[in-house]
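One structure is given here, and the rest of the page talks about it.
Just so it is clear, A, B, C, D, E and F label the chains in written order, and each chain counts residues from 1 on its own.
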Amino acid sequence: MADGSHASAWGEAEILSLFDASTGELDRRVLSDEGLYRLELERIFARAWNFMCHDSQLKDPGDWLISWIGEDQVIVVRDDDGRINALLNTCRHRGNAVCRAERGRAKSFVCSYHGWNYGLDGRLIGVPGLKTYYHDDLDRSRLGLARARVESYLGFHFATLAEDAPSLHDYLGEVGRIGLGMLCAHGEVEVVEGIQKNVIGCNWKIAVDNLFDWYHVAYSHNSAQAAGFFDISKILHPKNQMVMLGEFGHAIGGPGIPPERQATIDGLTDDEREAMSRAQGENQPRIRPRRAAELMGPVGVRSEGHPNIFPNLWITLSGVQMCLRLPRGPSKTELWWFTIVPKAAHPALKRKMIWEANHIFGPAGLLEQDDGENWTQATRSARGVAGRKLGQRLSMGLGRDEAAASGNGGSAIEGLISEHGQRWLYRAWTEWMAARDWAQLKANHSRPPTGTV
Amino acid sequence: MADGSHASAWGEAEILSLFDASTGELDRRVLSDEGLYRLELERIFARAWNFMCHDSQLKDPGDWLISWIGEDQVIVVRDDDGRINALLNTCRHRGNAVCRAERGRAKSFVCSYHGWNYGLDGRLIGVPGLKTYYHDDLDRSRLGLARARVESYLGFHFATLAEDAPSLHDYLGEVGRIGLGMLCAHGEVEVVEGIQKNVIGCNWKIAVDNLFDWYHVAYSHNSAQAAGFFDISKILHPKNQMVMLGEFGHAIGGPGIPPERQATIDGLTDDEREAMSRAQGENQPRIRPRRAAELMGPVGVRSEGHPNIFPNLWITLSGVQMCLRLPRGPSKTELWWFTIVPKAAHPALKRKMIWEANHIFGPAGLLEQDDGENWTQATRSARGVAGRKLGQRLSMGLGRDEAAASGNGGSAIEGLISEHGQRWLYRAWTEWMAARDWAQLKANHSRPPTGTV
Amino acid sequence: MADGSHASAWGEAEILSLFDASTGELDRRVLSDEGLYRLELERIFARAWNFMCHDSQLKDPGDWLISWIGEDQVIVVRDDDGRINALLNTCRHRGNAVCRAERGRAKSFVCSYHGWNYGLDGRLIGVPGLKTYYHDDLDRSRLGLARARVESYLGFHFATLAEDAPSLHDYLGEVGRIGLGMLCAHGEVEVVEGIQKNVIGCNWKIAVDNLFDWYHVAYSHNSAQAAGFFDISKILHPKNQMVMLGEFGHAIGGPGIPPERQATIDGLTDDEREAMSRAQGENQPRIRPRRAAELMGPVGVRSEGHPNIFPNLWITLSGVQMCLRLPRGPSKTELWWFTIVPKAAHPALKRKMIWEANHIFGPAGLLEQDDGENWTQATRSARGVAGRKLGQRLSMGLGRDEAAASGNGGSAIEGLISEHGQRWLYRAWTEWMAARDWAQLKANHSRPPTGTV
Amino acid sequence: MTTLERTRPRRRTWEETPLAERAGLQFEVERFLYAEAALLDARRYRDWLALIAEDIHYWMPIRRTVSTSDLDLEFTKPGEMAFFDDTREVLEMRVKKLEAGSAWSEEPPSRSRHFVSNVRIVAVEGDEITVEACFRLYRSRLNSEADEWTGRRVDLLRRAGATFLLARRHLFLDQTVILANNMSTIF
Amino acid sequence: MTTLERTRPRRRTWEETPLAERAGLQFEVERFLYAEAALLDARRYRDWLALIAEDIHYWMPIRRTVSTSDLDLEFTKPGEMAFFDDTREVLEMRVKKLEAGSAWSEEPPSRSRHFVSNVRIVAVEGDEITVEACFRLYRSRLNSEADEWTGRRVDLLRRAGATFLLARRHLFLDQTVILANNMSTIF
Amino acid sequence: MTTLERTRPRRRTWEETPLAERAGLQFEVERFLYAEAALLDARRYRDWLALIAEDIHYWMPIRRTVSTSDLDLEFTKPGEMAFFDDTREVLEMRVKKLEAGSAWSEEPPSRSRHFVSNVRIVAVEGDEITVEACFRLYRSRLNSEADEWTGRRVDLLRRAGATFLLARRHLFLDQTVILANNMSTIF
């Protein structure tokens, strides 16, 4: 197990050299080195805004669930004032876990070791023997459960351990907000009961960069096509791809709606759009209603691709699912699949959305099954003495496309299938890893480009 | 696997800063850091007097059993002169293990690789082909099994790898000797057949400090109370606690007999004490006979608590059981439960003692079951990037009690339930870890305090 | 998992001190230290000529199998020109494994992630979307599968990752060539279908040095004798041992044919030798025909011992089997058993050879079974804090024997059972490990000695 | 549990039938389940499909770690998310996928072993038999990867001439987080 | 082993009874053992206690790694230390403990699976049946912790009307050092 | 698979025999296989040998990881290399070896548990019965080493008076690279 209690052997220059954005060359050690992994926990996960849960998962005061910031367990709980708190799941007395289930409902959290009792906001409200054994001399105000900062957007709650992190709104920027907006495009949403969780023997980043990877679909998922489960030609749109790049590593990649088609859509009422959706048949993303434009903006609304909220939250199926990729060591990643449906959707539509979510992704999903095997092998070969020296080649579309400002801080690249999204991810990764703190990261991170990329 | 073949990254000052005795603040990395663990094997286990076995476990010459010094296997064997030897279980030729069973009886130890043969005292007495292949040119006197120093007290055998360690008698000091004396208070003892062994996913020290922890009993073991297995109120005596502190980290914590009650007892004959014991009903420690005073001294004889012989030998149930906590990595500990009964005890009493030992502790024990879960979680959370920065809080009773010399080098604190014992343990731990050798440890270790603690 | 991405903590002098050839003292950390293990992958396995396969395993173009260079997977494949190629099994795009089975037949290798297609010589011949997505701008000539150098001797194919390695012929030198010659002494050979593979919890070097160890046979394999499986006295020839030493660590150890007996043999025709072989009964190596002299030379032809092609290829049963010892971590080794028979041998003889190979070695072999247990314990004890300081003693025959030049670069020692072979192995190991590159190794390695050894 | 509850009344009637008859049915049922398992381990997926009823519900809900007080939330319910929630049509797609030669998680194919143990007939209604069993699926892949899944299985068998058809299979896994790259094997 | 020895004479007589009768009893015994295991896995501890005889001896001795020459020392003997040495009263305490909601090693509750295999009736005397079986107890906890215990089990079943009562359970584990935080599960 | 293929015609005839008779034979066969397994786990090797026919072929081929298109190469064939390819004479040597007290891989002796599951009679010809089963061999050694092997087993039982003799045992393991120091245990 990584202890990470001593400084990393990796210097700033060395880190920045691990990815060459001008050639797309990625050093494979990024996917296998133990020291880099430990540094990621410190400089990425402990610093970033990590997705905790959606509002609908914690309906009432006392509802709680366990989530993660890197490898630190967090209790996410709604308190009596309805506020969402994120509390490190470790007792301030001797460090025992205060919650062991995945979820529950509580009036307060009692530690099973000595019975210290914490309020839903983490305050230490009860200590057995406080008056007697402790002589009332215990600075309880300093001994509450450690709190992470929590902020929300559109009902999605995020947490960070970094005092100096920007607000969630600024952190997300245009592109991150479009990603969450996509989830709500069809109206207020709720998370369906049941989160599929499984562990894959790969580095977390290869699972993340894969979401921008529309190049792998045809070959990796050929068997799902052969089985008659889906028709790649209907969903790939290789010539109508749009990649959006945002600050701090957020990005979106995948099919884009051509401007002319969007213009047509813009001319339609919501009812007309629904009719059009029904007409277009299977596997086609549902056409978004008018409200989508406010949430996603004039460019974003044309994206039917995959947003990633840096570092590890993937929004997929044009907003029907989210997948968290939780780091579990340099060669291990835990995947969590969330399914999201509009609260107001017709039960039949909900059933259809759930059925699709159940059969496309997740460990038994007819598509998802095959990815893990490739990611695991790519990770394994990054460990070999010779293998890890070869580098990886992320040059698709490099220098061939034009990026244009998308209007609110991000930029968009329209064209063919490419690896712009992956390059943006790894470039941001080197910046996050090289920065000693948020101040340095704010100063030194890449801004979404315009012009040739 | 830890190799530990290179110097530790931990400097003396850094080590001493890991526990602040003035606040009771413990750095959590003490429970999770791989480098600290490797250093513990060198500076604590290889240096301390480690419990090997009790005399009754090796009745006849040739009787042997396997024990451990840290992660080094040791053969403990009675030789033909009746002496107990502790021999590293590794052949001097190519390192193969000379014994693989847990116990046995042997005339000599033959290595299964090439047949080198070692006497019960470890001397190399036979080498196949010595005359031919070796041309009689093998300095056998230098190639015996590596011997650890062995010394005994009251029939309990200990071993150390440190040439410069003090004698066992001095090492134990008053408090250690009281601990072993407690085991013999009712007369000469023997170990019952069958040592329960199991592995827990926790750091060895949290298992050790827990034995001083009378605060956890009520809450951790609530379910044993609910099951009607024991009555906490009868055993806890929260207001009559006595903590004894000895040199080099030895300590005793738990209920103490109030002076006035002890005075009454002192006035009784052994027969009267037995009658009194029978009268007091279940779960009450048996009242000690007169001989106990010589073994335990005027203060020690009043202890009904838990002695720990530093680093890892717990004496419990007022002397009916011992538990060794063997290190198996920063997050793994192997527990060995020994049950001790007076040789002369009535068979019915022996049965009763064995029945209680079988049902209280051990992996299926109605009390013990629940501890491991808390220790494992406390260890796990000490690994998290954020978790490990929080520290643990061992301040109970700090600055609230008076320590008085117990007469023979130790000191005693009487009062309420507290964390004095745990603080003494971790203070000693920093001293052991910071010392380069025994000379430095002798010079720099804390003496049992008097006055306010 | 070892990442090895940063420089080793081991300096040249420290490495050279790990084995003292003048006393035969071996530092046990050689068998347990993680840092040394990582350095072995770099300085031994990535640099040496590693055995890949025998010609008969890849009959036709497109036939391929997986082999290893240390922990790097290699595809060994016969291309359309009949040449054998050794290609790192990792795609140059994102690193996925291109082959996952153990063996197969292919027209080309298609990566399962994005479908890049590599020729049998490793050239990148197909890239989906090359014209469209890549705009035909991908330097395919630089993106073939990484090739290892491949050279062959007597149909045995070896590969190295070192550009600056000497030719295979020079690398093998006289002693290595004798080893391979032994396999072909009875005529052109083929590998029997089925390679036994298993994993043992020991360091790879203890499995290798064991092949020179004729001292362990009597004691380690006593039970096979007791079972009536073989008669040690018939095979051991303790007084007619011959050890041959070659450059770069190659060596042969075991029974030698006395000159006078060889003289008699030399006088016989091949038919007479066959008759003689049949006459001599069970467990006796078959007498070699005349052709053997050319392959093995006048001294080598007298060896019936165990050659090791440094680092890890053992030739055994006088040429009926080979065993590869593949490193899998400091405490883990994977064994591969190959069985070799002369193509022209009579079916009944082939059956007999296969039957013997099946029952002597391999995880269920009546001899082999017992070795793993000793090796595992020897490795384990090299990890202990005290155990690893004890050293191992490889002094048998040291300074007692005479080495004579064997005529073509190697030297031979004739006499009793000894540990000359083991000492030569570990001496070479220190030289390989201390050398920064081949130039340094060529300059600084020990030459086969003459005179007293 | 719920299943157990529900079937208790039914079971009683089943318990009343004569021993010999019950033992005979037990033999037939085990024989069928073992043969079915053998087909999967032999990768004879088409032959396996021949044993699947048109109306099968092949379902594996998601299990969660919950406190005693929340045990009603331990498994997801029908209509919620699940690992498997298949009709015969989906099972046919899974088989087609396995046959495609490009189902990378099963190419090269895994080595599976379906252990069916503690087989208990819990209800018999006309030609339909409800059977509970403990299962252990062992899967070995490539050189050394091994996964195992254990749990409780509730099957509904329906008589079809000389054999049975599998009309329902509900799988209650003993894991919450799936400790495997995928579940590409048929349970 | 001793048990095997001891029961050999008895067994012979049992072997003489007609095949049909023996097969029938085998069915009844397996059915009972599987149902009993299912109750534990379903956490229906009270229902399980209803199958336990008043005079049960529930015992798991400690196993030691010893040489062939010391195999008589492999298991501790009755009256020596053991992992379990329970009367019905103790088993009831174990159940109460599991129900308390504060048995932290089982709160949240583990997921257990009791595999009972190789069931062999080794003796029948009046209404008492001695049964040997191989057991495998699989336990999964929290997100990913898994333990397994295997071994030999010798049970004594006693007829009680339509069912049996468990009058003896001796568990001979295949482990010496228990590789688990605890043994908080009922075997 | 081949075996399955070959035995399909045969099996059909077997299927025709009356249920009661088939159930009875199933009971006898299981009883024999469980008793045989128990002897191995009890280390009663001599008693085990008494159940082995003179002409036994005890065989475990080597398994390889191959693509779907090469499945005919998955197992080595008779006459090629194998892990076990034993006559009775070799099995007797293995037993002698285990008894020698110097078979270091079994001294101190391992703790083994032979789980025999999914027992299926696939053919009956005269006094010879072909039986398939899933096996799991669990082996625990020293303090904490544990190995397991699972796979498919095809046995040939031959009636010999009141009992059977084992006339063939073919073991098809679910591993390619054996993940153990050795295979010193009898399967």
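Keep this in mind: a residue touches a chain if its C-beta (ideal position, glycine included) is under 8 Å from a C-beta of that chain, and two chains touch if they have at least 3 such contacts.
Note that the structure is a prediction, hence the values are computed from the model and not measured.
Among the remaining chains, those touching chain C as well as chain D are A, F.
Separation of chain A from chain E in touch steps, taking the shortest path, is 1.
For the pairs A-B and B-F, the count of C-beta pairs in contact is higher at A-B.
Per-chain CA centroids place chain C at a distance of 34 Å from chain F.
Per-chain CA centroids place chain B at a distance of 48 Å from chain C.
In chain B, the residues touching two or more other chains are 100-102, 112, 199, 220, 370, 373-374. The residues of chain F that reach two or more other chains are 20, 23, 65-67, 69, 101-102, 104, 107-108, 115, 117, 142-144, 176-177, 179, listed in rising order. Chain-to-chain contact here is organised irregularly, matching neither a line nor a ring nor a star, and falling short of all pairs touching. Pairs of chains that satisfy the touch definition comprise A-B, A-C, A-D, A-E, B-C, B-E, B-F, C-D, C-F, D-E, D-F, E-F. On the chain E side of its complex with chain D, the touching residues are 20, 23-24, 27-28, 31, 33-35, 37-38, 41-44, 101, 107-109, 111-117, 138, 140-144, 146, 162.
Those residues of chain A whose C-beta lies close enough to touch chain D in the complex are 100-105, 192-201, 220, 222-224, 226-229, 334, 337, 339, 351, 354-355, 357-359, 362-364, 366, 368-370, 372-374, 376.
Only residues 100-102, 112, 199 of chain B touch chain F when the two sit together in their complex.
Listing the residues of chain E that touch chain A in their complex gives 102, 104, 107-108, 142-144.
The touching residues of chain E, when paired with chain B in their complex, are 60-62, 64-67, 69-70, 73, 76-77, 79-86, 90, 93-94, 96-97, 100-105, 145, 176-184.
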